[in-house]
Amino acid sequence: MRRYFARKLLIYALTFVVAVTVNWMIPRFMPGDPVSAMVARARVSQPEAAEAMRSYYNNLFGFDEPLWQQYLHFWGALVRGDFGISIFVFPTPVGDVLLDALPYTLGLMIPAVLLSWFVGNWIGALSARRKVLDNTVLPAGYLLTAMPYMWIAVILAWALGAKAGWFPISGGYSLDIQPGWSAAFVLDALHHWVLPFLSLFLVALGGWAIGMRNMIIYELESDYASYLSALGAPQRLIRRYAFRNAVLPQVTGLALQLGVLVAGALVTEIVFAYPGLGSLILAAIQNQDFFLLQGAFLFIVIGVLIANFLIDIVYVVVDPRTRTGMAGGTS
Amino acid sequence: MTLTVNDLRVHYRTLRGEVRALDGVGFDLADGEILGLAGESGCGKTTLGKSLIRLDGRMRHAGGTVTLDGDELPLSDDRAMNAYRFHRISLVPQYSMSALNPTRRIGRMIRELLASRGVTVDTDELHRRLALVGLEPDVLDRYPIELSGGMKQRAVMVISTLLDPSVLIADEVTSALDVSNQQAVVGALTGLRDKGLVTSMIFVTHDLGLTSHIADSIMVMYAGKLAEKAPTKALTTGPRHPYTKMLIGSLPQVGARHKDRPLSGIEGSPPSLLNPPAGCRFRDRCPLADSGCAEEPPVVEVAPRHTVACWKAA
Amino acid sequence: MSTLPDPAPEAPSAEAPVAEPGRESLHYAVRNPKLIIGVSLVAILLAVGAIGPVLLGDGNPNEYVGPQAAAPDGTYWMGTTTFGQDVYAQFVHGLRATFLVGVVGGAIAAVIAMLVGFLAGYRGGVTDEILNMLTNVVLVIPALAVLLIINAYMGVRSVAVQGLFIGLTSWPWAARAIRAQTFSLRTREFVDLARLSGSGTWRIVFREIAPNMSSYLFMMFILLFGGSILIASSLDFIGLGPTEGVSLGLMLQSAQQWSALQLGMWWWFVPPGAGITAIVGALYVANVGLDEVFNPKLRES
């Protein structure tokens, strides 16, 4: 088990280094002269912002320094938590801008991911090898999982928001309410939260349900299931084992799907102008705010790494084989 | 008689029609007898083993009866068969290495399996039986992945025989093992019978050499039918059916494996069982065949407990 | 879902290394409703994407041709945008771009996944360790985040380059699956035989191993194809799509940007999303159908 975690941590450390390096390399090795191109493309109204941007970029890129020194400086700034200054909300540090948006993204993603996972697995398990359910769950699941996140968001916003008028379709809270811990604000925020949550939840739900259904069918065809059948064990026991074992790849699947789920959250936020990382990224792109964009990239990478590690812990809990010291589970 | 099989017919449904994998097979299994069931791959021996305990989705019981200790088995009724499975007829499958749920400790799996059949575990007895096949009691606290292939196989043997079945079907249990493990498994199986934990046994294999070490009698099948059945000694020393003769003639030293390959010593291959030709099914490969073989040979007893289906054997 | 279930190895026996005669697969293929529905739908959409623009005279789909913000009618089948662009013209051109990005992204990812997966699985040892580490690292980095940065710094973007970068970031799960399959195949007798007869690594991989998992590889390509389309549409939607031309994702983006939702112009945002959903969904359903064709255990008995 110690080896398992040591290996995982090594991979995550390596991943982080690679991500930071990619983040550092892209502006330097893309064709063209990034500084002038960016400053020119940035439609910054305040002259001091443009000046800060130019000097910061020059400082950051430090073209007079050797590359390795530029690279070390980049890491140094990162370790100090310095992601640069945002152009879009000049002169707030990028770190602060991102931290303000983070709770909205997490508040949207964590419930949507966890709930869709549990409910999806449950529906999938029910439908496996039950003809009537399977014939409804399977097509519905494929339809949902094939939908681009932003499209289901737009459709929900249109049907339940614009047409039915049940839910607001824009923002994280009403503009006339002061954000805080008042009951009015919380209720209002929840009201704004429903549609983006539902969009994320539904698409992910389809994927989990299908995954579980397919896994269970494979498990029911496995050798241990045949053996139990040959010994006359009731279907109940066999299905229980099959479910238990089919959950394992679904846990791994959760880790594999994190990137897709993050992407889904980002575009969903954009549809609803929800004040999380996705809307920030859109603003950063529209305002050519590269510090903000690169900061958001690192935030997402760090978030995904942490989530991966948590899933690893869960995996150790649910797959006994990882605890036996034998090479069980996935590496 | 523990088991009486009478004109059993089991067909596989395929695209091109029904394959008559078992086309009228009859034999008896005496109390305490270990019957070796041998033949090339596709001769129906595995189908026979499966038919006695659980037909899979593509198999159809097309006729004949199986009587176990006086009760006729409801072969085609999957639910009704449950009453017999494990309690009275049990199986050590070909896939023993992967027959245990990978995420359950073996002891817990056994408890849950037994509970589902309405039996409680007698821990002492379980330990005793594990010791019988050379396993420590602590395997019960382990996951299957922690056991070697041979250990898993022996654990499965213990589990399958926990309820002292009348008949145990051991399906190709040695084919995945090396020679020394083969001997150990064969020894353990014989021990189970000698201790009375199972009454009788059907030992399915393509390895005639190994069969002769364990079996009291051997039944050779060919193309879905019985070719010859006799006490081991009689069959190995005085085979009557040309196919058996050729099998024994092409027999390498004891324990070597054939790997389900068409026997190199016999030219040709068995006929398709989709629309098997009339008459003796071996006649295309048989050096003795003549026009008389176009008629189906009856199964005749040529000596006490020695039956052969061949016109030339009498 | 981009996870294939662990396939029951296509366990052909030692004497018959090449999987079940193609005739039987074909028999099931033409009788499998999922496969038929999926393939037909993809074929229809592909045909619309291929022929539609030609029928419209291959004009620029972003030109302002009609009345502004008109609902669908006989002339403009899918209505027009706020600027008077023909939504149907954009849709058929967008289908082209969507298929293109799927093929480019899916093919590049499949090639990388096969190179990495075969090599790691067949060679084992240090090669495997290194490639496995690489796979895991790329697997953990969220592809979309990398693509965001790359595309943001790229001044001019084309569909093909978008596909290229999607392919470069979306191969790891497939490589992992191929590695596992190769691992289980490399100890089979027919591979030993080839090795004994002195064949080189790649010869064995492509002559002995790959044919034995061809159906699996094909299904994997389908999933990579669908995945590329979804990622590309997200990128387009965020505003990092191709700078020239039109794609289904870009249509959604401009519908969003110009408040089609608030204006109730459903004909602007429904078709592109429905198009993506139909392509990806049909691919997935066809994939299940294929799985049932190739894997007898899954056929309903």
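The first chain written gets the first letter, and so on, giving A, B and C; residue counts start at 1 in each chain.
Basically, contacts are C-beta pairs under 8 Å (C-beta built on N, C-alpha and C of every residue); 3 or more make two chains touch, one makes a residue touch a chain.
This is a predicted model, so every value here is computed, not measured.
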Of all other chains, the one whose Cα centre sits farthest from chain C: B
Chain nearest the global centroid, as defined over all protein CA atoms shown: C
Intercentroid distance (Cα basis), chain C paired with chain A, Å: 21
Whole-Å separation of chain centres (CA-atom averages), chain A against chain B: 54
Inter-centroid spacing, chain C versus chain B (mean Cα positions, whole Å): 48
Multi-partner residues of chain A (each touching 2 or more other chains): none
Sites on chain B at which at least two other chains make contact: none
Residue numbers of chain C (touch at least two other chains): none
Of all residues in chain C, those that touch chain A in their complex: 1-3, 5-6, 8, 132-133, 136-137, 139-146, 148-150, 152-155, 173, 226, 230-231, 233-234, 237-240, 249, 252, 255-256, 261-262, 264, 266, 269-270, 272-274, 276-285, 288, 297-298
Residue ranges of chain B in contact with chain A within the complex: 53-54, 81-87, 90-91, 93, 95, 98-105, 112-113, 116-117, 142-143, 145-146, 156, 159-160
Complex contacts: residues of chain A adjacent to chain C: 11-12, 14-15, 18-19, 22-23, 26-27, 30, 32, 34, 37, 138-139, 142-143, 145-152, 154-155, 157-158, 162, 169, 207-208, 210-211, 214-215, 217-218, 221, 249, 252-253, 256-260, 262-264, 266-267, 270-271, 278, 281-282, 285-286, 290, 293-294, 296-297, 300-301, 304-305, 308, 331
Touching residues (chain side chain A, partner chain B) in the complex: 222-224, 226-234, 236-237, 241, 244-245, 248, 319-321, 324, 326, 328
